[in-house]
Every structure is written in structure tokens, then in C-alpha cells.
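Each of the next two complexes has subunit A plus one more chain, namely subunit B in the first and subunit C in the second.
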Partner chain A sequence: MWSYFARRFLLAIPTLLFSTLIVFLVVQKAPGGPVEAAIMASQMGGGQGEAGGGAVDMANNGVSQASIDAIKKYYDLDKPIHVRFYRWGKKILRLDFGVSSNFGKPVWDMLKGRFKISISLGLLGFFLSYMICIPLGIFKAIKHNGYFDFGSSVLVFAGYSIPGWAFGMLALMYFASPDYGYEWFPLNGIQSSPDVFKELSTWGKLMDYAHHAILPVGAYMLGSFARLTILTKNSLMENLGQDYVRTAFAKGLPERRVIVVHAMRNSLIPLATGLGHIFSLVLAGSYLIESVFQIEGMGMLGFKAIINKDINIVMGILVISTALSLFGNIVQDVLYCIFDPRIRFK
Partner chain B sequence: MGRKGKRRDVQQKKRDKRLRQREAGKAKAAAEQERAASQRAKAVSGRQSSVGAEVLAIAAESSATEPVAKAKKELNIPEYKPSEKSLLKVRDLHTRFRTEAGLANAVCGVSFDVYEGEVLGIVGESGSGKSVTSLSIMRLIPNPPGEIHKGSILFQGKELLDLGWEDMRRIRGKEIAMIFQEPMTALNPVYTVGFQIMEILEHHENLSKPEAFQRGVKLLEEVGIPDAERRMTDYPHQFSGGMRQRVVIAMALACDPSLLIADEPTTALDVTIQAQILELMLKVKAKRKDAAVMLITHDLAVVAETCERVIVMYGGKVQEMAPVSQLFKDPKHPYTLGLLSSLPKPVRGKKERKLKTIPGMVPNIHNFPKGCRFSTRCDVVEDRCHDNEPELHKLGDYHYVRCHLVEGDKIEV
Partner chain C sequence: MNEAITKEDAPKASVSVFRKRLRKFRSLKRGYYSFIILVTAYILSFFLPLLMNNKALVVSYDGELYYPIATYYKGEFFGQFNDFSTNGRTETNYRLLKARFEAEDEGNWVFMPPLVPFGPSETPQVAKEKILIDAYKAGNFDVDSKDKKPEKSAEEIAKEEEKAYSGGDEDEDDGGFKYDPNKFKDDKDKNKSGDKKSGDDDEDDDGYKGDDEDDDDGYKDEDEDDEDDMGEDGEDDNYQYNPDTFDDQKEKALAKEKEEGKNKSDRDKLIAAAFPLPPSDVHPFGTDNTGRDLACRLAYGFNVSLTFALILLIVAYTIGITIGSVLGYYGGYVDLFGQRVIEIWQTVPFLYTVMILGAALQLNNDPSKPAYFQPSFILLISILASFSWMGMTYFVRGEFLREKSKDYVSAAISIGTKDHIIIFKHILPNSLTPVVTFAPFAIVGNISSLVALDYLGFGLPVPTPSWGELMKQALGDLKSWWLVSAPIAALFVTLLLVVFIGEAVREAFDPKVFSRLR
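Entry: the complex of A and B
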């Protein structure tokens, strides 16, 4: 079986190569790019366009051919496409995603900082939702059709139908601003201002972070909350009706053990589905939630990069999230194998 | 990396070879073990008490499907004499389910005894309430939608229906064990067979893990699973259906229960394996003389081979109850007659191909007729059958029949 996973990893390489090729082609063919950006800039008056100097060329809206060539050369646009792809691919292997056309900074450096934020928010939300939804689902299954089951279903589905960003705004209104409600939580950001943050102990830093993270993470989780809870409940209910559960009761095991050890273990199998997908979601972040809470995460960066046609950033994000979702799928298969001994890949 | 890799490769190959040799040795040992086990099993069944021995002897000659009538004719079965001590007394048991179509009275007024040391068969068509009766005894009726709403179940003098959850739990698996029909789904797919056997021993006998493991290996050997020690760490899907049912039996026998309830333990298995499994199940009696077995089945041939006494159920009620010899020699209830005549019978010389069947179908559980429950299908039905429900009549010491046409002392046990 381990050879299966080794093969999966090897297969992931051409898959990644192919999908980056598609990403590369799509982004290259899309209108807008450094040249157009320069032209726009010159039309707005000033900017990079003037740097090249020389004769004014009307066809290029006031940017000289020389400066266009310079820009093209700088971004390798003068080479044929396969050469460009080859060069770009080689650089990516060294995690060199080029330089952002808007910010002039290396893309990798810009991504690195945001990773930390997105991943920690995403993982926190992910673990919290599993830690809340699984026990909740178990409890609902045991008390099926009771008052608790009914009441919590109403809440969970209400949460499901409210978009995360809308919940975020309401939460900010009522829990982070003294004008409407209470000022229990900070209004924005992911940590206190650097000066304050530096002074804190490790524990203090952690608490500061948690304090900032609670509302955005809540907004993150809201949508997946219903799905996870109901999935846990349904799959547990289904397993409780299985023959082997009756066998376990007939063996004289305590009810707790039958539910937790026998039925629950089987209910985890469907919960492993989608783990791989979550991997890339966590990274991609959510533009809307990040902008409500003014967090400088991946979602925000990606959105701005697309608006500004910042090709290198867009491609960087796409390549990384493709790689992560490939990796996530392999992780998911490994988890399947751990949870369900019947699954053996060859 | 090259040379190192090659050396590692060679080592790996050597290891593989050694492993293969060891496996081959194990397999040989296992085969011998199995042979020994089956011989032991034969010896055990040979020692079976009174009726069992002769019936099994005949059964060994004729396969499970072969006509029972022949076997019975050649047998001179001694008069049935159970031990007078009753292990389980079920009285006026009523179990019902709340369904969308209304109340489903699955078991309505079932009374019977299980005596120490006997093998009691329960037969009846699908839906007659056999499983619900046995699940009621285990108190495993899912609630909701089901409930036992009337009656009494005395086990070794204790009223099971009054026991708390914890006391009942101590009886399940330890004093009363149950084997279910479907070996393919009765075991938890995500745990090893060893884990599932060991947890019974850990819970009921307070054994430590290593002790439980040793006992588990012994149990698997007893039910004839070759290479038991290695098989302990295998998962259920690595076993065949017959082997899984052996595992289930090993689990049921783990604590030497005084009552073993087997709900159609062989229905899902190949005919060739059925006989072996039945034989194994009766092993519980080899371990404990006073242990009783309740065998639920569709199959009268199985009853003839393994049981000493039999209950015929229809529509959630006992219709006839008799020692096996009596039931085959002198069946009284029209339903029993119907069941018997639908067994294949050899006619001297040529085989009769057509089987008689009971006309009509079992009514839906919500539309049983008012009078006798069998009146919609009975070929000797009378007017009074439609209006009055017949009571259970006592014909002989252990022979009871519920039919208006039968003369005898009316009793409700």
C-alpha cells in the first residue's frame, strides 16, 4: 500500500505540471498585463511609461515602442511561450514566483506572511468546527427528535443560511463596538499593534491572537457548521442501526462504549471526505470575511491581484493552491486507510 | 545510494524468502490443526445427549436438504424427557411497534419454557415474530419504535423485564448470548476480530489484555479457525462468510453462556457449511451440560437434525409446541401440517417434484383476521374460527396446540 502512496506522489508531479501549464496559458492569454498596465499608467499621467523616454507612439497610446520592448523584455514577454513556461517553471521550483508588478516586491515574500495568517485562521476554524460539530452531532443523534435536537437544528440551519461575512458584520456591530453592543472583541486585525504585541509574553501573545481570532473564525466556520453537524448526526444514526451495533449490545458492552467505540469510529469515515478540499480552501481564505475584519490574508491578496492584473501573484497563488489540493487529496486517502481497514489501495 | 540500495534489496529478498518459508510452515500446521479440530468436534457431537446423537448421526449421512421424513422413519426416538428445571420462562409476552400505519403487534401473548440442557427450535414463516421474541428476551427491541408492553420473562428466576440497564448488560453476552443471521454485517468492519472477541472477556470476566488474547486464540481454535493466533489481528472482511459465522459463534461462547439464542445462524450460508456451523453451535452444550440452545429457523430439516423440542409460530403467537419426534410423527395444527407437507418427500422409486405449499400469503401485520390468525389460509377452516380465537390446548405432557379442531384441556400457560 505504501507503494501506492509513493506512486500517488510521483503522479502528482505531472499533474501539477499540467495544471500549472493551464494556469500559465490562461493567465498569459487573458487581456491585461504589464504592458497594458504601463499604458494605463501613462494615460493617467506619469508612472513607469515615461521611464523609457523616446518618441511618442500614437498606436500605443502614448508609450514609446522602446519602453514597451523594455517592459516585455523585463517580463520575458518577448520570448516564445514554451520558453517562457520553461523559464517560469524552473524558477518556481526554487519558490521564485517573480516580482509583483504592482508592489515591486518578490511574490514569495508577500505570500509568506499571508500564509501564516490564512493557515492559522483556517486551521483554527477547522479544528474548532470539528471539535464542536462532532460532539454536537453525536448528542443530536442520541437525542434524535428531542427538544435539544430540534432546537439545535434550528440554530445550525439559521447559521447555514447566513453568509459568513454578514454574520461577521453583525458580530462586529454587537460584540466589538460600544455604540451598538459590547466592546468585547477588537474591531479588526489579527493581533494588537506591533508595539503592544512585542511586549507580550508567549502566553499573552497566544491570548491576544485568540482574542482577535474568535469573531473571524466564527464567521469562517458558520457555513461548514451545519454540514458537519448534520453529517455527523446522520452517519452516526445510520451506524447505530447497523447489525454490528446490535451485536455489540448483545455482547453486553456498556452503551457508551457501543456508541463511542463501535458506531462513532465508523461514522468518522464520511467525515474524512472533503478534508483534502478543505486544505486548499483554508489557504485560499475568504476575501469577504477578510475584508470585513480587515485581515491581510490570502483571500484579500488574491482578489486585489486579480483586479490589478498582477500576473505573478495570481499565478503564484494558483500554483500553490493546486499543489496543496493535490497534497490534500493524498492526505485524505491516507486518512481513509487509517479509518477504514477495508480500504486498501493497490 | 546505488550500492547501499542494492544491498538493502538483497536483504529484503532474503527476508521475504524467510517469511515465505515461515508462512508455508504455518499453513501446514494450520491444516493439521483444522483436521484435529474437526475430529475433536466429531467426538464432541458423538457424545451429544439422547436424541441429538442419533439425529446428528443420520444428519451426517443425509445432507441438510435431504428429506427429513426418511430420517425420522428410520429413527426410533426415545420418549422426550427434559430436565425439569426451566432456565427461561416466557409468559404472555407482548411486543409491539409504533409504525406510521399504526400499532404493529409483532408478538402477542407468547408463552413457553426453555429447559436446562435442551435444544429448542422455533420455526415459522417470515414475519411470525421469531426474531422479535428473541430480541425481547435480550431486551434489545429498539425503543422507539418498539416496546414490550406486557408479559414476563423469568431467567433463572429473575424477572428480566424489571432489570435496570446495567444489570441487563451483565446478563447479555455472559448468561444469554445471541448469534444473528447475517455473518457479513454482524461484526464491526473497522476492528480486528481479536479486538471484538477480547472486549467481551475484558468486560465480563475482567481479564487483562494478554489473558483475553490467549483466551481469544483458544476460542478461535475451538470453532475451527486455522492459524488462530495470526487471524486474531485480521479484520472481518478478510474472512469468508462461514469463517465469520465461526467468529460470531466464538464470541457467543466466550463466557460459557447458560442460554444461547441463535437467530437463523445458517440461513445466509452455503448448504455445505450449514451443517458444520450447527454442529459447532451445539458445542456450547459440550462445555456446559445445563446450557440450553434456542435455535430459530425457517427450516424444518434443521430442526429435525438439531432440536429436541420445537415451537411453531404464526402471527406472533405459538401455534403448536411439541417434542420434535411428536411433531413429525403426529402434527396437529393445520399450519404445522402445511409446513411439513411443503418439505420435499421421497416417494418410493421416483422423486415427487412438485412441492405442496401453504395457500395464500401471510397477511400484513396490520390485517390479521379477528378469530384464528391462520383462518385466512387454513384449508379446514370453520365458521367459529372467524369469530373466536382458539386457545392453546394441552394434548400431552409437552404437546400444545392452538386450534379449534383439537380436543384437549384448554389452558393458557
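Entry: the complex of A and C
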């Protein structure tokens, strides 16, 4: 088994290499970056325009060849793409993501700060949804085709049919908008303004965070609510039909014990392995939810970076999410081994 | 396949598995009716231009029938000169035309689209129209006379409108035009700028409140909540039909309405309110923040969303199925290599990459084409498809791995059938179960992706009717409850229908038989 994981890790290296290469190419070759825009603007005169770019300021033709070269040199654009990728990759390995062109700060420092916000929200949502969906799924399985099952199915269908961020917007209108509905929750952000927040006690800070986090976390939870509940239910239902359950019943064990101790343990395996993707899941939906709730998290940073053409941030976020999802794949397999000893990887 | 064979499923003659599954699907009422509703709505949505539009379907004018839905008629063609800006040299405002014809009662009529008389990208100037319509009702047709001052020079209009338009005459003609219905016949025949009368430009100091002098090319203007210069010719008392100036007329009408109270406030609301307008009689769903009719935007958005989702589904599934079946059929190194490539491709963050590409590759809309022939529409589908085909490969590959060991495949191989025929004609039809069962949920995902991208601003370009764009507007304006709720509700209902269908399809095609002990 350990040799399997050793190989998995070794395989992850080329995978990471190639997927960052794709990412690198996408960002570098997609028209409209700040450098591309500057260079293109000057090149238009020379008739060498790289077609397809966004808004090109025709008036800016007067950029001299020397300054183009300076720009290119500054951004390493005078080198062929593989050299650029090599240099960039070397920097990335040292966690040097460069400097944000908009904020002038190192990208890594910015990401670290934002990551905390996103991950705290994401983890909260993740664990809360597990805490709600697993019991719900179990009850649905036990009461299969009963009233409770049908009633909660309505919730599940509804939850699947509305994206979490859209629901968040609706909740924001009803429960946070001062102009319409109740002003129960703050309209945006994840904490009160720094001046206010500083003054609060630890408990107060916690409450302040909770107050701000309820709606966004609810939106996060809705995103996985239906899937998790149905997964739990189906996997328990499947296990309840297995021979070992029959055996347990035949031994005369009470139903409660059969379900809780025998069947449930096995039915939670597919759910437990989902924990592997916890980090990449945390990032996946955050662009939308953070933009709805105006939370200055990683997703928001990434979103704004695209709009502002802040390439270093964009690349940084892409690399981190790529690495996280790759890492998540491996962790998922490890968890499989831990939770389900029947599985033997070779 | 372990189909649960019920009584009705056990036919006398042998019935294909597919038929059986269809029958099962039909027996699942919730999914089946959702399917019927959704398909009906989708088919209907292709006829939306006939149902919700600012162009009339049929106009009967002087005994002849015209079909503006198919042809472009300038306002002056029907004798409509007051369109707030161009003296009838832009397309007819058929709502006004209808109101005038009804008021005139001369046998002319306009048949507007039955549901909503507004276009999806149109910014109707309801407040201005209401004043005109009131004037018609009061018997004042001069407001629509040819005597209006064109707000733009003819050259400007010529540039905007038609190249064939020769520069009109700016000269100050007689202001004393008489309303003469017969004359319009001639005008209509000429249908040229030649006899355009540009009236008194300089007398637009009418005292109507809310009036804004520098309202210019009003019609497509984004932010016109300012009143127009309807009564511009107010001071010139050359009108023959009523000795009152139009201003007086207007004030009278206003005074009258003041007594009535309700109408007045209604109209004032229309005039005063900045967009978005709340639901009203005119706009049952309200308007968006540029004054476009929300019901119309939602309905057209439904068509765009579903079309987008379906095309994306077909493209992504075609790629995914082809690659999955090749990997599954050939196995070995092909499979190993393919799996690696897919894994690499899959670790690329989907949404963020699509956002980057969406931002970088914004193409302009080509107004001459419908929404789904736009270059940007096709581009967005290609981008999304290239990052979302991977999921299906696993399922198809798995099905192929299982199917290829069966006898019929060996038989086909042994008689020398070509590989591509075995893959696509023999095995694939037997491996479509996951394809069919996942398709509805993929549609849910596709619609959600489109809405999310539109919401973030990286989706379809601006004038395309889209739910995501409405939600983006809504977030900036949370007090406009209709603007927040309507697109979310539309999205919700559509997705719910698709989910119901998907659930029934899964039940019919891939039933989970749970044997519950005890």
C-alpha cells in the first residue's frame, strides 16, 4: 500500500507540472493581460497585432521599441515560453508568486491573509453540512418511502435546484437589506469594520464573526446539501440490503444496533473520502458566494484580479487551487484505505 | 439489467429495453409532466418574438395588411411622427400606433404580440408614451403630427439608421402643418426624408414638469428618466384641430387626472421613478435597471439558458463519450495515457479558468444575429465544453470495459468489423445508460454555470437576455425585490423541472432496487 502512495505522489509531480503548464499557457496566451495590452497597443502600428485581444487603445501607438523591450524584459517576455515557464516554475517552488501589479504587495502574503477567511467559511459550511446531511440522510433511509422521506425530499429537490449563491442573494434581501425585509444580519463583509472589531472582547469577536457568517455559511451548505443527503441515504440503503446486515439481523441484534453500528459505518465510507477534497471544495464555490456577500476572501481576490488583469494573483490562485485539488485526490485515496480496509491499492 | 418487471411491463410480444424504460418513465408522473411542461415551454420560447415583442404582428392600415414582425417600417410609413426623437424616421412604435388607431376609430388596427408588447432589448419610454396615449384618448392627434422637431440632424439619423438615407433638410419649413390623414398616404408612398418637415426647433420651453431640455436621442438611451419634449411645439399655435396648444392640453389632462388621483400618481411614479420600475399594469414583472421589461427578459433568458445548456451538453458529451469509449475499448496504454491526460485536465480549476478565458475573450455582440448564433455564444460553449467533458469519460469508459468482453463484441471482431463501427454502432448504444441518466443533471449544471458566469460578468455579452445578468443588477439594488426574486425564481423553477425529469429518468433507466430486510 505504501508503495502505491509513493507512486501516487511521484505521479502527482508530472500531473502538477502539466496542469500548471496548461494554467500558465491559458493565462499567458489569453489576450488582454496588462503587458499584452501594452505591447499590442504598440505593435498595432507595426501590423503585428495578436488578433483577438480586448480593448486596444489605438491612440497609444507611440510606444517606442525600446520601451516595449523594457516591458518585455521586465516581465521576462523576451524569452521563449518554455524558458519563461521554467523560470516561473522555479519561483513558484519557492512560493514566490511575484508582486501584485495592483496592490504592490507580494502575492503570497496577500493570498495567505485571504486564505484564512475563505477557509474558515468553507470549513464551517463543510462541517455543518456534514452534521446536518448525514443524520438527515440516515433518517431518510430508515424511513424510506415514509412521510418524512417524502417531506425532506422536497427540501432536497429545492436545495438542488437553487445555487447556493443565488439563495444567498435572496437571503440577503430578506434578512439583511435595510431597504427591504429584515435587517437581522449585516449586509456584507465577514466582520465589523476593523475599528469596531478591535474593541470587542474575544467572545464579542466570535459572536461578531458568527453574526456575519450565518448567511454565507448557509449558502455554502446549500451547495452540497442535496448531494450529501442523497449520497448518505443511497449508500445506507445499499448497505441495508447486504448479507452482513441479514446476518446481523439473524443473530437477533436489535434494528437500532444493526443500522447504527453495522450498516452506517460502511455507508459513511463514500462520505468520509469526500473529506479529501475539502480544501479544493472550499475554493470552488467561493467566487460566487464571496462576491454576493462582499467578503474579501480568496475568491473575491481572484475575481477582482481577473477584472484588474493582475496576472500574478491570477496565476497564484490557479496554482494553489490546482495543487490543492491534486493533493485532495491523494488524500481521498489515503482516506479510502483508512476507512475501508477492504480496498487494496496496488 | 435488472429491471423490475411490473405487470404492465410484462408484454406479450417482446419489447425493447429502451421501450420498457420509456414506458417506465411515462409512468412516473412527476417527472413525465415536468418533461411535458418543460418541453412545451421550451418550444414556445422559440416563438417568443410572436408572443413578447415591441413589433406588431399585423397592422391594418388604410385597408391593407402589413406584417411588421417580418419587415421594418419607419414610423412615418404609418403616419407616426412623434417617437420622441426622430420624427418617424426610426422604426414605428407600434404600441403608440395601436393606441392612436384605437382612438381614431377609422378602421385601422394593430395586432400586438398577445403577452407582452415590449421587446427584450427595448427600453420602452412608458411614461412618455402614456402622455401621448392620454392625448390620443382626449382626441388630440396633433401630438403625433409630422410637425415635430427632429432632435437629431438628419445626417446623424442617416448614419445610425440607414445608409441609403440622404441627408435631410434642416431648413425651417412652415410650422403650420395641418393634421390631414390623407396626406399620410402620400408620405407613405414616398417614405423618404425628402419631405421631412423640421419644425420649430427653438421653442421647446414647455413647462411640463420633469421635463428635461437636453434629452437627446431618447430611444436607446440608458438613463432617461427625464421627460421628453412632447409638447415642444407648444408655443406654435398652428395646429388646426385644437386651438389649445398642446401644453395647455397636457395641463388640462394633468389637472383632470389630479382629480382622479390614482392615475396621476401612477403616471408620476412612472415619470419620477428611476429604473428599475416595480411591477405595475404596464410591466407585470417590473423592469430591470435600464427599464427593460422584466417578464420579457426572463422569458427570452429562458430560451437562451436552455439552448445554451443543451448545446453545451451535446458538445461536451460528444467529446466525453468519444474519448471515454476509445479509452474503454482499446484499454492498455491508450487507456493509461488517456487517464493521465484526463487527470491533468481535471486538476485545472474549472470555474476560475473559464472566468479568465471569459474575461479575455469577450466578443462583441452581432446585433443582426439571434442570441445563439452570436460568436460569443459559440465561444463560451467551446470554452465550457473544453473544461467539462471529463466527467462523462469515466462512466462511458467503465461501460465499455464491461461491454467489450461480451459475446456480441467478440462476434463483431471475429467477422472483421472495423473498430469505429464496433465502438459507435455496437457497443455505444448499449452503454448509454449513464449518458442518459446524467444528462438532466448536466443540464442543471450547465444552466447554473451560465448563470454564474453571466452574474460575474464573464458570460454572454451585454444585450443578451440573461438571468445571471439580472441577478448582477439585483445585487446592486437589493431593495428592488422583484428584480432579485424574479430571476432566482425563474432559475429555481426551471432547474426544479429539470431535476424532476432527471430523477424520473434515473428511476426509469437505472433503477436502484433496494431490498430492505426487516
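Just so we're on the same page, the second predicted complex is superposed on the first by the 306 of 346 C-alpha atoms of A that agree within 3 Å, B and C clash if a C-alpha of one lies under 4 Å from a C-alpha of the other, contacts with A are read in each partner's own complex, and residues count from 1 in each chain.
To be clear about the criterion, a contact is a pair of C-beta atoms (placed from the backbone, for glycine too) under 8 Å apart; a residue touches a chain by one contact, two chains touch by 3 or more.
Just so it is clear, the model here is predicted, and its values are computed rather than measured.
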Touching partner for A:Pro341 - first (subunit B), second (subunit C), both, neither: first
First (subunit B), second (subunit C), both or neither touched by A:Thr247: first
First (subunit B), second (subunit C), both or neither touched by A:Thr15: second
Contacts of A:Arg265 with subunit B and subunit C, given as first, second, both or neither: first
Partner chain in contact with A:Ala166 - subunit B first, subunit C second, else both or neither: second
Per-residue contact with subunit A, leading partner among subunit C and subunit B: C
Which superposed partner A:Met237 touches (first subunit B, second subunit C, both, neither): second
First (subunit B), second (subunit C), both or neither touched by A:Val292: second
First (subunit B), second (subunit C), both or neither touched by A:Trp184: neither
Where subunit A meets both subunit C and subunit B, residue numbers: 246, 249, 255
Subunit B residues touching subunit A - in the complex, by the definition given at the top: 138, 140, 165, 169-174, 177-178, 180, 182, 185-191, 199-200, 203-204, 235, 237, 248, 251
Touching residues (chain side subunit A, partner subunit C) in the complex: 11, 14-16, 18-19, 22-23, 26-27, 30-33, 52, 54, 144, 157-158, 160-163, 165-167, 169-170, 172-173, 176-177, 179-181, 187, 234, 237-238, 240-241, 245-246, 249, 255, 258, 280, 283-284, 287-288, 291-292, 302-303, 306-307, 314, 317-318, 321-322, 325-326, 329
Parts of subunit A lying in touch with subunit B, wherever the complex brings them together: 242-244, 246-255, 257, 262, 265-266, 269, 339-342
In the complex, subunit C residues that touch subunit A: 340, 343-349, 351-353, 355-357, 359-362, 444, 448, 451-452, 455-458, 471, 474-475, 478-481, 484-485, 488, 491-492, 495-496, 498-500, 503, 512, 514-518
